[in-house]
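Each chain gets a letter, A, B, C and D, in the order it is written, and its residues are counted from 1.
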């Protein structure tokens, strides 16, 4: 069945904090196809905007056929999205990308900032023992409580208001967080830190990257990252974040 | 006080017939400034559309501070407008143009198609004796009942389903409609007919013209019509429909 | 906080003027905008004699933009001198008079008539795509542009701003020609030539067939050209093309424009110019910028 | 009802193809579109050897459009022959292979390698603004365009379509040069060179600084150029630039295009091509048009 291009109804839209919103979409079969770490392309209802907004899937309800998206207002598109009330219908293309490869080994889940949402569905679905590290700017620790049922939760904040002062790797070191496989999503500087830490500790790390996109399905070659191996498409060293990723083995990519 | 540029709330939106809609807007002071025959520039909430849609004022409630617009879906802009529910806020610039000069002499009000709406407020405000002639395509005689309190109403339809088969001038002749001043709004071929009839009968005729607009306030010189006299702005023979009109003495303009 | 900029020795209290032809003579917009609060008012193009312009329809909406083929309807320089300039000066506006013509002589006649008038700057439109002899020929050939610039500069008492057409292969060549001939400043872009077809009527939407495309649709082309020109010449540039918001204006300024003009946006919101100025101020406050000139050309 | 058209002796079952570079090799979109239902699939530009393309960010959204500076990343003609052409033929598609190069020799090498391959038409991209040596120099000078067209035509086994750049003063000159050199057809427009600045970061949004502007924003320019070219040359034209809907496609057809390409719209809706075809059909039904060819160039 694969990817679908549908008009989805917004079932709920909530403000989680100053600039973070939480939206549930009725997407039918798309929910049954989706796996943690995948994303969807969301189209806003304004003629001046032609390109989709890629947003990670934060929650999947296969039975209800719904997905949950948690997003930050980053510009006009996400701002518009946040104004849509329940009942509004928007175009959604998905599920896109590869998602995380769920391993049996003890896991460290690391989410930073707006990279936290996709880790939630992963936390739910990963069958193994989990430690969860969440990095925030300040005391606005959105989604934190929702992670608590799934493992031990460690927090870092840039301003030190909650948990370890510093970044997620500071928290991992300070709290001596243990695990064999790291799953991570967050801003590039954080992912660089994760990659270095994993290399240092000899751990496997699956990291979810971000890049500007157009098609979202691997056709336009907008969203490439530098890869160690030649890529399957162009046979250079450019993997497509939207199709070959967004999740990559940290060893595979240059950041 | 003059023209205003406001964000107005839609108080009601009703479908009058297949493609005709009836909208009331809360415009505050703008309603107190408006006179019959003036129009407003309506902006639709879609980034791909920058120019306003000029729409004649069909009703004015000075006390409530509301105006009523009756419009036909002619393209994407008016289609979008028709989807907005009560509570939606849209940008409105107005009141624009000159409006009809209300005379004391017995009047013939002539409206054709989507030129009918502006005649309604004129019918209400004109103090004198009135005959009203309305031209429709077919039996969809929108607004007809609302004219009945203000004078004798004659109807023409293109398909002959109601009243005189033919155009408004056919109805005027067939019914020997009497009056000293004609006030008319409708498509250009109809206005040509009105102009010719008025000349033939030696009557004064005030006709409301339509032209593609950009600024709506007389600055861009998009919306000119050929005038007999040199115009006040450019001193050629181009009067601006949005500012010098939309209502002109039929003798003044070439159609 | 300083918003003032200088164009060829003339001080503008802020970098925001109006796109010629989109703001009339200023009078029509004075109901919405305090004209003295603008950096300058740029008037509709004026010729030596009145021009009736093109047949209607003269405008058509396009996706994120519009086409116009007004064809430079204007009352001629005498009416401008008698009616519009006194009005603008009375209103406290700094004034850029946009000048159009069919022949070099037409341009020179207007420039001469304006020599003792309270016009602060003259913008020479050699780039109107809507009139066969409306100057576009001057604006698409560097040699012709050089010649007319030279001739106008020799006659003009006010500093001159040559207004460039984007309908060229290499805008840098054009800018260099105008600079070499003595132009005091440049403005760009004028409209891109475009067309719209009414598929129901199977006819052109504009009576003139083609028209000039303006509005936010063209902004990326305009910013690119302003950047290219500012990297090439030393004279100041007034940037325009699709500015709707302060953010848009700042793109031009960072690309190197010393001032910007708001055109089509006036039709979408008659208060657009004022909002752009306010928005620039709050950007500067937010980023602790003392002087707008720090931002001019800051992106290289 | 006939929707079929002919380009240089090749029959397309309908006039709708894809904009090179916006539809990959067709494979990615085959989940959404039955490739055999399109008039043709036009592939991403292919060079003699793999090209890595430009650094990221490679795309930026603009008002009613987008900028791209992908820089012609492509796997080279060998992979195209081994992987993409068999896939497309298996899928039943008519195929237009878009060819790019840095030097004349590069182009000739690709064209030669394709001579015995199941490519129905070759589209020669001499108009990519995103690679210094990506052919744009060929596309902005009529003499250079004449030379490369002549050279490619001499080698090509398939009919060739020269793809023109809109970043020129006079598109008619370019079209005439390509026709005179023997091009079998023309396609236009490629993207307009543009720029976007991130005013918060005070930097260019694209790593390449400039990119190619596409999408509905540019449609009026594209329709105008297609009209001008169709009024100038006799060879068929594939029109493109901002087609989102069947109405947009019909504008190009009425302006004279024998076929059209849907580009950026694929990113807004992966089924855009199919919807354009359906929309053209229903327009023809509504207006009782038996043959699409009645509409080609019907507006004069």
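For the reader, a short list of remarks on this structure follows.
Everything that follows uses one rule, which is that a contact is a pair of C-beta atoms (placed from the backbone, for glycine too) under 8 Å apart; a residue touches a chain by one contact, two chains touch by 3 or more.
Everything numeric here is computed off the predicted structure, so don't read it as measured data.
Each chain gets a centre from the mean of its Cα atoms; the one farthest from the centre of chain A is B. A comparison of the A-D and A-C interfaces places the larger number of contacting C-beta pairs at A-D. Here the spacing of chain B and chain C, counted between their Cα centres, is 35 Å. Between the CA-based centres of chain A and chain C the separation comes to 46 Å, rounded to the whole angstrom. Between the Cα centres of chain C and chain D there is a gap of 34 Å. Counting partners per residue, chain C has 63-65, 216 as the residues that reach two or more other chains. Residue numbers of chain A whose C-beta contacts span two or more other chains: 47-49. Because contacts link each chain to all the remaining chains, their graph is best described as complete.
Every residue of chain D that touches chain A in the complex is listed here, in rising order: 21-24, 28-29, 31-32, 44, 50-53, 56-61, 63-66, 68, 70, 73-76, 79, 215-216, 264-271. Residues 63-64, 216 of chain D are the ones touching chain B in the complex. Residue ranges of chain B in contact with chain D, taken from their complex: 47-48. Interface residues of chain B, counted against chain C in their complex, comprise 2-3, 5, 43, 47-52, 91, 93, 211-225, 233-238, 243.
Chain contact summary for the complex, chain D toward chain C: residues 62-65, 67, 140, 167-170, 192-197, 199, 202-204, 209-211, 213, 216-221, 223-224, 227, 242, 244, 247, 250-251, 254-255, 283, 298-299.
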